[in-house]
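Attaching a single structure in structure tokens format; questions to follow.
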Amino acid sequence: MSSQEIQNLIRGGVPQAEDLDLRVVSSDAENALTCIPFNSRLVRPGGTLSGPTMMALADAAMYALIFASLGRQEMAVTSNLNIHFLSRPAPVDLYARATWMKRTGRQAVCAVDLFSAGSEQQLVAHATGTYSLAAQTD
Amino acid sequence: MSSQEIQNLIRGGVPQAEDLDLRVVSSDAENALTCIPFNSRLVRPGGTLSGPTMMALADAAMYALIFASLGRQEMAVTSNLNIHFLSRPAPVDLYARATWMKRTGRQAVCAVDLFSAGSEQQLVAHATGTYSLAAQTD
Amino acid sequence: MSSQEIQNLIRGGVPQAEDLDLRVVSSDAENALTCIPFNSRLVRPGGTLSGPTMMALADAAMYALIFASLGRQEMAVTSNLNIHFLSRPAPVDLYARATWMKRTGRQAVCAVDLFSAGSEQQLVAHATGTYSLAAQTD
Amino acid sequence: MSSQEIQNLIRGGVPQAEDLDLRVVSSDAENALTCIPFNSRLVRPGGTLSGPTMMALADAAMYALIFASLGRQEMAVTSNLNIHFLSRPAPVDLYARATWMKRTGRQAVCAVDLFSAGSEQQLVAHATGTYSLAAQTD
């Protein structure tokens, strides 16, 4: 699937991704890069992006990686997510890059690095998460 | 502060909380109960509520508990959040109850139990999180 | 299985549990209580018990709960553990109580509360963890 | 401090590190590499290393990084640790490399990659953790 197709599938199944204007910037079998363009609804006190914005983006990056790597897996569901907030994201576009840590027939464990547009070297958050695949039979 | 005042403060500072129609149902020095009323934008494939909806609600419950317990702390920021998704929430109103695990002058560690309206005994998710207080000097 | 049988099985398969003098104090289908008796090798600077002691005990409590609930499952393996250290344990016997958060045919998600002898109401740590069951086919 | 001095300090303050024959292989301001040499007390059913061995090593790698970077900080204490177990470590020497994710005057957030001797490219576990510095005033 192309990144555009993955973006369409995610937005079609998850209205909040549509509401956040979620972009799948690039994706292949090994990593996926997603973006939420800045808009003024995403802020929190301090003029920084909200934690839930970052968590939604991290989750979407893992979901996109699963699609890019394993094909359509709409029923894959997150079973665990852990996130460290490292620095306050500037009010600009936010990016998340997901990579594999482990993949079995029924589980996907990913790492996700989040950074602001133009500052890829300074992480704003680091997440790890587990997706349950073929979840319907869990 | 009353639960209504806390709700107003959170919604005033975090537009996404307003967009989610976040409610602070009850709160005191020991626990806070928050709710996101069901609406059709909150779903994901499988007819269940999305992970980011649950994470946003868990985060808001901790934030509300901090306000209820410590007063206005808009600059408090999440430094870590861990969440286990335990069962798929029905497409109904979702609740989160935050309680203290630890509180020092600069850190608040909370546990949050999430459940669906009418099913308080069956958790849909369990989160733990750390908020950094007086964060401006961190 | 009795708590004594579970203790014997764990100690037989995990030499470190034997070295820590791990006890399975009580266990049934819903919870398991384990203990590491205090000894002077368990400390760290500050005169408190070390983090690894607490993590080993939390892990053992989950393992004991799986045995008590599901029978012999020596091949069950931890896939994730998250722990918050909440207060410094006094140099006394340390206890951990594991309870279920979720159980499917292939995964067990547990919560574990750790406390010092005589102070069950003050948690020294809270952990959550996922065990993979029937792991040989994962 | 040299890696040897850090190793001596850790072993001197934490008897379990001495019992595990913990080594600080290398360290500088940006990363620390620690090792637990294989011995037959470290196994669990399946002929693999136990989870607590991996958690103890991950914790020690973070502690060593703090010493290497910030000087003597015996009173630094772990406030949170999250670990994903990714593959079963062979019964050989186990290594952990800790790097910084964030550092403030009072908190250190680290990532730790664990791997077996001779297989640095295949992670057996990935951990993230938070250390509280100057903890005596927390």
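We call the chains A, B, C and D, going by the order they appear; numbering starts again at 1 in every chain.
Assume a contact is a pair of C-beta atoms (placed from the backbone, for glycine too) under 8 Å apart; a residue touches a chain by one contact, two chains touch by 3 or more.
Computed from a predicted model, the values in this text were never measured in an experiment.
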(request) Go through B-C and A-B and name the pair with more C-beta contacts between its chains. (result) A-B
(message) Measuring between Cα centroids, which chain is at the maximum distance from chain C?
(response) A
(request) Round to the nearest whole Å and give the separation of the Cα centres of chain B and chain D. (result) 33
(request) Using mean C-alpha positions as chain centres, tell me how far chain A is from chain B in Å, no decimals. (result) 21
(message) Using mean CA coordinates as chain centres, what's the gap between chain B and chain C in Å?
(response) 29
(request) Two or more other chains in contact with one residue: find those residues in chain C. (result) 79-80, 82, 84, 130
(request) Could you please specify the touching residues of chain A with respect to chain D in the complex? (result) 82, 84, 86-87, 101-102, 109, 111, 123, 126, 128, 130
(message) Using the touch definition from the top, list the residues of chain A that touch chain C in their complex.
(response) 79-80, 82, 104-107, 130, 138
(request) Would you tell me which residues of chain A are touching chain B in their complex? (result) 13-16, 19, 40-46, 50-53, 55-56, 59, 74-75, 77-85, 88
